[in-house]
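Here the chain labels run A, B, C, D, E and F in written order, and each chain numbers its own residues starting at 1.
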Amino acid sequence: MKNVVVRNVDRPPLDQVDALAEFGVATVHEAMGRRGLMASRLRPIYPRAAAVGTAVTISVAPGDNTMLHVAVELCREGDFLVVSPTSPCEDGYFGDLFGTAFKARGVRGLVIDAGCRDIRALEEMGFPVWSKAVFAQGTVKETLGTINLPMVCAGQLVTPGDAIVADDDGVLVVPQAEIPAALTAAEARAERERINRERFLAGEVGLDVYGMRERLAQKGLVYVDHISELGGDR
Amino acid sequence: MKNVVVRNVDRPPLDQVDALAEFGVATVHEAMGRRGLMASRLRPIYPRAAAVGTAVTISVAPGDNTMLHVAVELCREGDFLVVSPTSPCEDGYFGDLFGTAFKARGVRGLVIDAGCRDIRALEEMGFPVWSKAVFAQGTVKETLGTINLPMVCAGQLVTPGDAIVADDDGVLVVPQAEIPAALTAAEARAERERINRERFLAGEVGLDVYGMRERLAQKGLVYVDHISELGGDR
Amino acid sequence: MKNVVVRNVDRPPLDQVDALAEFGVATVHEAMGRRGLMASRLRPIYPRAAAVGTAVTISVAPGDNTMLHVAVELCREGDFLVVSPTSPCEDGYFGDLFGTAFKARGVRGLVIDAGCRDIRALEEMGFPVWSKAVFAQGTVKETLGTINLPMVCAGQLVTPGDAIVADDDGVLVVPQAEIPAALTAAEARAERERINRERFLAGEVGLDVYGMRERLAQKGLVYVDHISELGGDR
Amino acid sequence: MKNVVVRNVDRPPLDQVDALAEFGVATVHEAMGRRGLMASRLRPIYPRAAAVGTAVTISVAPGDNTMLHVAVELCREGDFLVVSPTSPCEDGYFGDLFGTAFKARGVRGLVIDAGCRDIRALEEMGFPVWSKAVFAQGTVKETLGTINLPMVCAGQLVTPGDAIVADDDGVLVVPQAEIPAALTAAEARAERERINRERFLAGEVGLDVYGMRERLAQKGLVYVDHISELGGDR
Amino acid sequence: MKNVVVRNVDRPPLDQVDALAEFGVATVHEAMGRRGLMASRLRPIYPRAAAVGTAVTISVAPGDNTMLHVAVELCREGDFLVVSPTSPCEDGYFGDLFGTAFKARGVRGLVIDAGCRDIRALEEMGFPVWSKAVFAQGTVKETLGTINLPMVCAGQLVTPGDAIVADDDGVLVVPQAEIPAALTAAEARAERERINRERFLAGEVGLDVYGMRERLAQKGLVYVDHISELGGDR
Amino acid sequence: MKNVVVRNVDRPPLDQVDALAEFGVATVHEAMGRRGLMASRLRPIYPRAAAVGTAVTISVAPGDNTMLHVAVELCREGDFLVVSPTSPCEDGYFGDLFGTAFKARGVRGLVIDAGCRDIRALEEMGFPVWSKAVFAQGTVKETLGTINLPMVCAGQLVTPGDAIVADDDGVLVVPQAEIPAALTAAEARAERERINRERFLAGEVGLDVYGMRERLAQKGLVYVDHISELGGDR
């Protein structure tokens, strides 16, 4: 299955994907039961970057951006590029020309478990990238890969058509079939957080808000007033 | 001594702690004889973050934020949370709800040798965090730890009541008994730096300002006018 | 050859070096045939930092900034400090006093495969630094090194008088003898990129712009319309 | 789907899995088209460790080995444990008591993207482990996970019933449906390698054995007899 | 307190320290309540290294082994060197001459959060070292440090006179006052492990041995016979 | 200068290179004034590996071993391969077939700032490799590089014809012109070390052997008999 490009992806309704943007990575991740988060080595190339979209998956050889060129004409409004090299690499696969080309097709952003360059130009054009390195090292166009096959990126399985949610806190994969449930759960969680924030501002503490006191006592939590009570065998 | 919470800390006068803010991490660190600096993996979650406060120490299990909930009601104006996991972990223990709760109690900031999330919200509310990772990964509430016992965080021993000084250059621990001396030494050093800066601006060089020329010659420093003088055996 | 300081460097014409600034690291790196890029661990201490200059090379002992003091009086307008420790170190060799002293002599910036401190002050005075760490850890003045000998920094050979180009994308070394050719090639590449950007904005894709379609087919690239065509043995 | 344990796995014929042992990781990996290799951070805890078996997948919380206890009674002769924490962790989940228990059930070995301990005892009993760390840090038994669901481990998707091949060169996943084809291809590759080894020993070179000379010339490879021919602009 | 050497240490009875050797790092660490373990980056320089002894603490400047020379004449039979640089460094502070000198005084081994060299000679003479790097890089003798003050090494506080237990699984610090209790607890744990090993060999599983079944059910662990029961929304 | 192969190297007399083997990496490195050591990430693939030889330099693209095939017929008895990728890569460029081919031509070993595989077979045939990773990941044959041009590998400049000394302590480059001086200095140093070892065995300490006492006192080293003398402000 090397060297296969799948032209069409069963994409979810874009309005559903877009609705995830309101909640952000941390809230949707919690709402989904704490699954789907890519490794923390992926960081945005500029502060306040945030985007959601539909995954187009691209598997590339180390130091070779051939398949990014192949991907351009397959993309459409609302897509989100997800690029993973077949072995660890930090070369700068992506720069402002690619940003120009993909942005012109409505692509929302890029997640790449490798390097990115031209980051000032990408910020100026508003094309957000999450990468593991910023590195100007160029790539070649010699070796094939795949597009739109299921693929692991930064520790997570990504299937074409999954939703990608990315912001300052990292990058989250929401499997396509789970998008509606994730939305509902995120709304509920956001509402709970809103209420809890009010309670915290009013001076309540999580021990009471979450009803933790009794369980902590059962587990053996001991309070002392001063460290001197602990004696010499501390 | 697992699972002990010490309610009260012998805190230093807060005005003394606050006075350290004027000098910043690098100057106080030098003034103290170059001790107390936490590892460089701790970075602020937003640029220009700076804070000082009194250490409340929290030892947590990997992936478990129980003790942060316990800590809230023990904190007071001027405190600075110091959190260290019992084994390496980069989970996002702390987010905007905690920021809200601790800020409402006058806590100045957080140092955590693990991960943080909701960094945009924390920046907007002005709650500074120094962490080794930004990672949305959630934590559980199952395993106990300790609060306000001496503890190692990012390579430094922290005792409750020590002063924490944190800015763009990193995080410094000033043992409580050394705060007055550190202040005096920092003032002296800042004054020396002010004078030296004037001399540097006037064109003098450190070799003269610090009287280094003779010692360098004794150690065998050799000047040549041009590399060609070194011959072929370079 | 330890402990040698070479006073004079055969510098290239400064206007040639300055002309590289227009193109930036990624473009000049590509134009030179993808050589000369320092390792990606070197990052600017503040966003949007950019500078070009002539390399003054400084080899230092770990945790010892003696040779930076020695270097000050050897620098002139347009120089760019390149500092490499003889073994891995992340101490903060350089702070605002050095920034003041070197800036007063017209030095453009610093590349250091170690740590930097006082980064807020350095940003405020506009002295850019590319370093592998931000770390307030102080250094001593005990051990000699060399100035203006050829040296490896962050994976690249740097000879005094080479041009250094640094921006958000990293740090590039242009050997002195190659500066004119690099300029010419960078101009040509920038013009090609300008044309290609127009074509991309007009909707063309790289497969056509770079004439890749036939070669990809020869290499065996296979297109399918839908993943279901791949059958169960995917 | 958190907290689900699947009791039964559709396992491949064990003799097929065992047949992969003859070829080893590097040869099977090549034969499969260079897919399926886990990240290089996984290393054997003792030299010359080698094993093949059928994947039992275990997803665990950081610092929590509950699910390993759950897994014991689900294992049978020929199984190979694959353990991945839900966020990065290097705690010592596995020691000699687990080794004793799993070995008694015929389990062949363990791959864990975290830590292992008691490595001397494990070597003595002949229970091989591939881990990212050796670390005595203990774990708790508080948080649930999953067993025998598809899971990502060290960068590769592992489905229960896949074959695991592990030796000094690393760890390879062979999807269950591909085992027969992988065997056939590995046999063919091993035979080719045997022939090529003979030719290399007889003095032939890869340029001829693999017919590379013409293509290299087309790509522009230039030979010179001596470096002096390259002139000053090298 | 820089530059202070404390000549005498209140050492624990050596037979107590020696008695810890029987149990090893993992068992004593568990017996102590999972405290005291140094970071996993410290690894033995040869397989099967194991030693126990009384800590002599040495704080050194990066790249400077002065204080190791100072330490020699302060050591006695049963001591264990613990060396930590004041900032991260991997230079080879220690080689076969030091091994010869310290071994002649009865020193049991070295833990160093930096580099070591001459590892073949050290293995041949039977002087074990746990280090974060093997690196031949030499050090200088210019900058002072401290001996026998409390100090952090690889994440743990070490006080002179503490017991050090080191083997293939890592390095453990046992505070002097806790040695008798640690011994008693380790003996009890080893006996429990012996009994459990028998039960595991007899086919019992941890779920029963540790009485986990009911609690897992309460936490919501779900068993299914086959993955197909989970339906499409997995 | 991309894509150039230099056929002939001015090699030093092989008996001179071979004579370095007696002293090993640490001693020759010290004798040369502590220069030339490659980064500590390069480790031997099996214990007790040791070799010396004449550098043949090979610059390769990431994930591409074309130039290793080209190099075979250029090698001769006593050569030592030095391979560096143009950007960071840990792919397994080299395995047992290459080992067979190069060993048949008298090549002594390989240093590669990337990955190696088939390490058991390489150990069995006695072909030593120093690499930064062991990784079975395969490479392609698409992109050209250079052979026998000066090149940076793991932080050191290597010129074809330099001597390479490698053992358990790492990898050292001895510039060709310095080989005779390095030999002489290594002999002298080895003799001094032999004498010092005798003195250490006889109970002398480095403070006296190296005459350090007076200088340490001048630098301010303070001895106290017991830590209690330091008072509360420690």
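A few points about this structure:
In the analysis below, contacts are C-beta pairs under 8 Å (C-beta built on N, C-alpha and C of every residue); 3 or more make two chains touch, one makes a residue touch a chain.
This is a predicted model, so every value here is computed, not measured.
Hopping across touching chains, the smallest step count from chain A to chain D is 1. Annotation of chain A and chain E: jointly contacted by B, C, D, F, touch as defined at the top.
Although chain A and chain C carry the same sequence, what matters here is overlap: shared residue numbers make up under half of all numbers found at their interface.
Note on interfaces C-F and E-F: more C-beta pairs are in contact across E-F.
Rounded to the nearest 5, the angle that brings the Cα atoms of chain D onto chain E is 120°. Chain B and chain C, compared by their mean Cα positions, are separated by 29 Å.
Computed from the mean C-alpha positions, the centre of chain C lies at a distance of 41 Å from the centre of chain E.
Counting only residues that touch two or more partner chains, chain A has 1, 34, 37, 40, 86-88, 90, 135, 137. Chain contact summary for the complex, chain B toward chain C: residues 25-26, 29-30, 34, 37, 40, 43, 47-48, 167-170, 172, 193, 196-197, 200-201, 203, 205-207, 210, 212, 216, 219-227, 230, 234. Considering their complex, residues 1-2, 33-35, 37, 39-40, 86-88, 150, 152, 155-157 of chain A touch chain D. For chain B in complex with chain A, the touching residues are 1, 3-8, 46, 66, 69-70, 72-73, 90, 92, 95-97, 100-101, 104, 115, 117-120, 133-138, 141, 144, 148-149, 160. Considering their complex, residues 61-64, 86-91, 135, 137, 140, 142-143 of chain D touch chain B.
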